[in-house]
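Lettered A, B, C, D, E, F, G and H in written order, each chain numbered from 1.
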Amino acid sequence: MDEGAIRDLLARVSGGEVSVEEAVSALRHLPFEDIGFAKIDHHRALRCGQEEVIFCPGKTPAQVAQIGARILEHGHGLLATRADAEHFEALKETCPDAEYRPDARCILVRKTGQELRGLVLVLTAGTSDIPVAAEAALTAEFLGASVELISDVGVAGIHRLLRYAERLQQANVLVVAAGMEGALASVVGGLVSRPVIAVPTSVGYGASFGGVAPLLTMLNSCASGVAVVNIDNGFGAGYMAALINDMAVEGGGHGG
Amino acid sequence: MDEGAIRDLLARVSGGEVSVEEAVSALRHLPFEDIGFAKIDHHRALRCGQEEVIFCPGKTPAQVAQIGARILEHGHGLLATRADAEHFEALKETCPDAEYRPDARCILVRKTGQELRGLVLVLTAGTSDIPVAAEAALTAEFLGASVELISDVGVAGIHRLLRYAERLQQANVLVVAAGMEGALASVVGGLVSRPVIAVPTSVGYGASFGGVAPLLTMLNSCASGVAVVNIDNGFGAGYMAALINDMAVEGGGHGG
Amino acid sequence: MDEGAIRDLLARVSGGEVSVEEAVSALRHLPFEDIGFAKIDHHRALRCGQEEVIFCPGKTPAQVAQIGARILEHGHGLLATRADAEHFEALKETCPDAEYRPDARCILVRKTGQELRGLVLVLTAGTSDIPVAAEAALTAEFLGASVELISDVGVAGIHRLLRYAERLQQANVLVVAAGMEGALASVVGGLVSRPVIAVPTSVGYGASFGGVAPLLTMLNSCASGVAVVNIDNGFGAGYMAALINDMAVEGGGHGG
Amino acid sequence: MDEGAIRDLLARVSGGEVSVEEAVSALRHLPFEDIGFAKIDHHRALRCGQEEVIFCPGKTPAQVAQIGARILEHGHGLLATRADAEHFEALKETCPDAEYRPDARCILVRKTGQELRGLVLVLTAGTSDIPVAAEAALTAEFLGASVELISDVGVAGIHRLLRYAERLQQANVLVVAAGMEGALASVVGGLVSRPVIAVPTSVGYGASFGGVAPLLTMLNSCASGVAVVNIDNGFGAGYMAALINDMAVEGGGHGG
Amino acid sequence: MDEGAIRDLLARVSGGEVSVEEAVSALRHLPFEDIGFAKIDHHRALRCGQEEVIFCPGKTPAQVAQIGARILEHGHGLLATRADAEHFEALKETCPDAEYRPDARCILVRKTGQELRGLVLVLTAGTSDIPVAAEAALTAEFLGASVELISDVGVAGIHRLLRYAERLQQANVLVVAAGMEGALASVVGGLVSRPVIAVPTSVGYGASFGGVAPLLTMLNSCASGVAVVNIDNGFGAGYMAALINDMAVEGGGHGG
Amino acid sequence: MDEGAIRDLLARVSGGEVSVEEAVSALRHLPFEDIGFAKIDHHRALRCGQEEVIFCPGKTPAQVAQIGARILEHGHGLLATRADAEHFEALKETCPDAEYRPDARCILVRKTGQELRGLVLVLTAGTSDIPVAAEAALTAEFLGASVELISDVGVAGIHRLLRYAERLQQANVLVVAAGMEGALASVVGGLVSRPVIAVPTSVGYGASFGGVAPLLTMLNSCASGVAVVNIDNGFGAGYMAALINDMAVEGGGHGG
Amino acid sequence: MDEGAIRDLLARVSGGEVSVEEAVSALRHLPFEDIGFAKIDHHRALRCGQEEVIFCPGKTPAQVAQIGARILEHGHGLLATRADAEHFEALKETCPDAEYRPDARCILVRKTGQELRGLVLVLTAGTSDIPVAAEAALTAEFLGASVELISDVGVAGIHRLLRYAERLQQANVLVVAAGMEGALASVVGGLVSRPVIAVPTSVGYGASFGGVAPLLTMLNSCASGVAVVNIDNGFGAGYMAALINDMAVEGGGHGG
Amino acid sequence: MDEGAIRDLLARVSGGEVSVEEAVSALRHLPFEDIGFAKIDHHRALRCGQEEVIFCPGKTPAQVAQIGARILEHGHGLLATRADAEHFEALKETCPDAEYRPDARCILVRKTGQELRGLVLVLTAGTSDIPVAAEAALTAEFLGASVELISDVGVAGIHRLLRYAERLQQANVLVVAAGMEGALASVVGGLVSRPVIAVPTSVGYGASFGGVAPLLTMLNSCASGVAVVNIDNGFGAGYMAALINDMAVEGGGHGG
């Protein structure tokens, strides 16, 4: 898949430095690590430019601790999402630097010497959307973005949002977390010229159907420049926002 | 059901003015008229305070004309909704006063001497929502309300709506017709202190699901004072708005 | 947004009473109060004519108490919906006047000297719909309406409803709370000439789908003058009913 | 499957009248007729007590004609549902007695000498429900029931239904066809002591979702004695009603 | 509503035996009893030919006991469905004759001297469908039917069902309770000439969606003579079956 | 991906027969052919053991003809599914051997000298399911299976199916095409010891929801040995059946 | 149903060895065993070639133990799926050989002297899909297949899967268990020439809707040779895979 | 809303250059243009950095031409999406420079002197996804991005995609258009370190439900860095991609 690496390998085969069998073996053993129940993708940092993240649901505290230890052996930071206190207790034994952020339901081992840059703005419609927004904010920060969270600026009191109109213009990318009817993403999308990542939350009741109502609202947004991630997927929104923020800071994209 | 009428009837039975058989007959022949395929409810004007309206889909032009003629014999005006040109042609032969409003897909025979009063404001998010909004506006006007229609003030360009902030405050009741994500109802609901009747439209595509997306948005509105009618039900919205507008103009409600 | 206020402000800027920077600042600091996790909208009483209400789910007792205290500092009454006993215990410490109404799952601080007026009639199809109906009734009463609740008049025993036919005619607005098949709203809508606010409840099982069945029934009502709020949204129904009841009592609507 | 027949066959095998191979063959050739694309179940009259019916959609006029001819060869009457004029033209050539009932979208060959008995009452909520109701009525009549159809007695004008209260009590079984919100079945179910077969129709728009709304309403009916058939399945409702009507007329059920 | 009663009343008014006010009052006080949170419909026995049944969910044990006591004061038997042990404990204090049937989740006070007659056959596809089937069987028996329950005859082992082919033919009406794919109703419907009441159960997992899969299967049954009640609605199925069984035993239906 | 090929290539690079650049190029040019709007996967015959098939919807007749001509240049047979007469006319010009099978909506160029073997049995519940079944049968035959189609053996007349009980046992794999309630797959699955591929069809109306009802039925089948393909996907069912039939005929699977 | 058996029986009736009554009785008493709440289908081993399996949900530990004991009396092995520790404790008392496999949530009594053969490959997209995959693997092994489980090879790190490309080619049949978006089945289906049984899992959150997202993905797979079982139905997938694996090993299918 | 503009205006009011009334008027007349049925938002170019785009469905050719002419008067380019030939004919009369791109269903007036830069890669799973992809590509190009479209690289032949692995790495942002099961977005997301905008298409049949299947697949993507727009919303995907591409080229984002 990585043509450069294949090219090098082939050159060394051609030069006799590497035998055919060794090359086959090398191509087979791409850098992920098999620890039985999971395959840790150390290669992802190279391929996708980001560290490994643990999604905790369905994993025992012991499994999370074991995966976490392996990741940290390779010198990366670590982010574990949807983590509860038991996960944290287990992980802390092997990773004393780990910190638990209950508002975002995340465990975090920060990368040393990382400088935060750019600006990702995370907005919530109501106070109940904060856990999802906090996961997004923490994720983006873990990946190197400078982040601000502004909560409770839903559209039913539009002046609360408009007060931040100036700040909205300054962000490289915005994350909007909203449940109930999810209309905030459209209004924000109409106010800014930068990408808006909308994350519907399962906050609400009745015909909100666990987040389906804001999901549909956001997908049908009449504002351009809005894209959507899964219900309650704060991590996905924060990841996407960090990717874009990085590009906005660095520039020099292909063909520029 | 109508205790006053039963009381009168009973008094006349008691006084010998009306025989038992006549009373039974009278109770049986409540004022609706059976013309075979339909039962015209002349009584509705008395009971519900409104005229008879014809919902045209599934009725032939001849049927619409026949029902219309009977209604007009009793001196009422007439409103036929979801009407097409064929319905109009058939109805016009027996009712030369009928006018066709293709924007609202309605046929109308106005009540003579009717004075429009109060203010119902009908808003649309986009231009494609106008047919539904026009049906609502025409219905409310037919029922005696003074109506204004403001179109294309969707939330993706919030300043277009805010320009009308003052006018919004002057309405007794507001109708908001919006498809796609339907967020306009929530924003309007947060700006005014009067009831908002939200009517989702089937305008949109993909995950709008023929109006389900704005329907859910409106049902989940985080603004108070918003109630919802069926998808594309401009008539229902206009009817409800006219009821409320009447009360706002007349006052003197029970217990006042 | 409020043209009058802007006009005043501009006049004072023009007259030199207010500096440009002060005016910018004033425009920025519209009257909501930021207490970190929530933005309390004191302005809503001015803008929407109603007090602040707390929706408790997803908020800790301490948060509810803190928000409640701030609201009451500004002299308003207070209504907290979907509240449980823990919310009440926390709130009571700072607000000794608060009372808990478990049937309606609400905490209430009544406004002093408030006179109830008009008539809002709240009907339920079954006894299981009472909690939602009680929330609607309490909300409307909190907002100044005189309210009556009639329960268990579902359509399967239509004579139970018809017994109240006379009383139905006297209300300015009716709230109908019904689960299972939700047919009560249509029957009531056909009997009265005033607006009916239908609130589907999640009472039922199987193909009731948590309130979807009565929601669809109500949206498809063949009776005119029926509008719908979200499943179990007793607050929304009561709020809407109080708005309309106020108008019916006061009258003098625009254009009258 | 038919123990009596197996018993007879076995007795004849035992008595040497029938060879083993013949018996195997007999068991294999149960009385249905294979005409290539369809297997006509002449046995159904014996097993289920009813004639063969053709469901026309997806069948060509020629296929309908061919199936119809075979059925009539065995002396039965014939009912073809969801038939259009082309089906009728084709069938008429081989069955000159066939009549077409466009209101019910059915082709009919009546059984000679059949006496109609009992009473099945078919009610519709609106005029647009008549085609489905007519299919139900025609089916029940074809199967020997005396049928009356009362249309346009939906719940939004409850007095139209109550006028027929006495007649409702006289039916052995009632069929209720209703679209939109489908509430009529519940009200009727509460008024009578006989079974109600509810058939939702696809009449309506928006959140009626092609008949899902009345289907859910009917399934969730709070009245007892209501069972439901598929959307627009007038045939199924009429068939069920005829079965029950027969039993009510004949009596002497098992264990009586 | 009951023309005979109105006629009598009017005759007595006409004859001076009853004053107008008394007549109004009589019409108003139809026989239901208002105990605040519920309206007990003693009239239902007259109107619908059946006793009052309590649906327990959402009612406290004390409420169930109170309603039960009132019903029994009028001399009826009693059936309480979806009852748990707490409901039973409360009810037993005032009704020592009450018995609890946990398999059917019902509390029962049998009517004295009731003779069971006819035959209702209740079938289940699997053993997990037994609770719903038992509710159906108990209900039908409470209403006077002789009932048999045959469980675990699902279509994946069709010979288990066919063994009962003879018995199936002897029932006046059959109830089929099935979850998962619900195919049993169609197969049974094809084997018998009597009505089949299909009750989908929420047994299953995954794409059974809490009973939606068997519900759709049953609604779409290709067999005639099948009608459907709500998911898990054993009571409704048993009630319907008893109605039909009664008619089959008694005969002499109208028009016979 | 194909280790053998990579191994060969590497050996030739190692031996100096192939330069590094040539090897990179070779790895890049895997055998699919890019004709602009489509990439024909000639490699699929090697990788998956089957020929290229054209799915016609959304492709113009000219595109189908162009793709078809390229496939046949490589000597394969050809199957085009969901084809209409226009597709056939266009394809026939370049492929005179092509034949059109309107019952299966397929265009076919048979492979020369192909011997059909094994036995795939394709069953339909009704006559309307035949087009989907015919597509399945033709696909399996095209891929080398001997196929029989038995139609109209739905479960409402179970004896029609049982007549074929012996033949069912002889198939290596069975395809069951059924719409409406789709119960046939479960019954067949309970009768045989070989795999059943169930294909729901969109035949039906109302709550069949375009094939959702039989899809759910089949997914929830209580019989083991049943797997499901997409609604109306006769091709997918036939392909799967042919794969299994091949294995049953050839045997000698790994580890045997 | 089993023609051979019927033929034998008839021959013995014909020869006087068996009386008619005995034959009727024999036909009636096909080999299932009725233990009241369940009908154990010992015949299934003969008819379908497989042992009896207990699906534990909805059954008490005592019921599972009782059914298990009866099955083992007939000398079969035993598999109980979706079993918890209580089921195991109860079953172990009567079946000391039973072993509990918590990863697969299964209880197992292996058949003595069984030789595993062929190759079934079970793949999972993530570690959370392992329980479903383990149920599939254990089921296939119980039925005689040699099984390998490869976990955590989801498509977001495609090189993890491609490393196993060679092994994928060696399986007779593959089971793919995947939640979230379920894309693994399509990629695997495109890489191999053998059947793929896809089993969606309920792993995921938000718009995964308890497994609906991967279910739809798998049904819509653009790869041929993929069929689907119910959400989380590891047993069904393993059963199907074992059936096919058996055929691949044995060969000699009909018509070969 | 635009603090800078308000600040200027206020300064001029303060300096006496602008009267209070003029300022109010200026604030009211933000730069959108009301042409009756639509409000053209010339301000959007300032506020959101992009030109006006016309969404044609529901607009007559004359309306499209009228809106188009107004937009071009202000010197902008123009993009009209979902346009048919009639829209083009009407628009061309007033805008001779307009060109029609039927593959993308768009009308285009290019901006003069615009230089394309960066790289947006648009991928399709199949040939039928090309119209949606072409709309995305054209939109991104209209907004200044250099775009490449690679079609027919769906996951069922994964080597077709992997051939482009190198090119994938060079894009600043990728758009993936896929119908049926939509798995391509996840695979691409796992291969690149740049944002992926996934656009589900309504291509497919049966359980694809008009694009719901790929929509859910994409929302549930196990790859990070994937966000989703509405079904068939090529415009939205292209707009979002252009926004991000611009940032990647320009860099210098806030806080950098």
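Assorted remarks:
In this text, contacts are C-beta pairs under 8 Å (C-beta built on N, C-alpha and C of every residue); 3 or more make two chains touch, one makes a residue touch a chain.
Please read these numbers as outputs of a predicted model, since none were measured by experiment.
Counting only chains that touch, the fewest steps needed to get from chain D to chain H is 2. Centroid distances from chain A, each centroid being the mean of CA atoms, peak for D. Chain pair A-H has a twin interface among B-H, C-E or B-C; that twin, with over half of the contact pairs alike by residue number, is B-C.
Centroid distances built from C-alpha atoms place C farthest away from chain F. Its C-alpha atoms superposed on chain H, chain B is turned by 90 degrees; the angle is given in steps of 5. Centroid to centroid, with C-alpha atoms defining each point, chain B and chain E lie 41 Å apart.
The geometric centre of chain C is 49 Å away from that of chain D, both derived from CA atoms.
Contact of a single residue of chain B with at least two other chains is seen at positions 1, 3, 28, 157-158, 162, 190-191, 206-208, 212, 215, 219-221, 224, 230-231. Considering their complex, residues 1-3, 47-50, 53, 116-119, 146, 162, 165-166, 170-172, 190-195, 197, 215, 219-221, 224-231, 235-237, 239-240, 243-245, 247-256 of chain E touch chain D. By the touch criterion given at the top, residues 1, 28, 30, 32, 37-39, 41, 43-44, 57-59, 63, 200, 202, 210-212, 215, 230-233 of chain B touch chain D in their complex. Within the complex formed with chain D, the residues of chain F that make contact are 127-128, 130, 151-153, 157-160, 162-163, 203, 205-208. Chain C meets chain D in the complex at residues 125-126, 154-158, 180-183, 186-187, 189-191, 204, 206-209, 212-214, 216-224.
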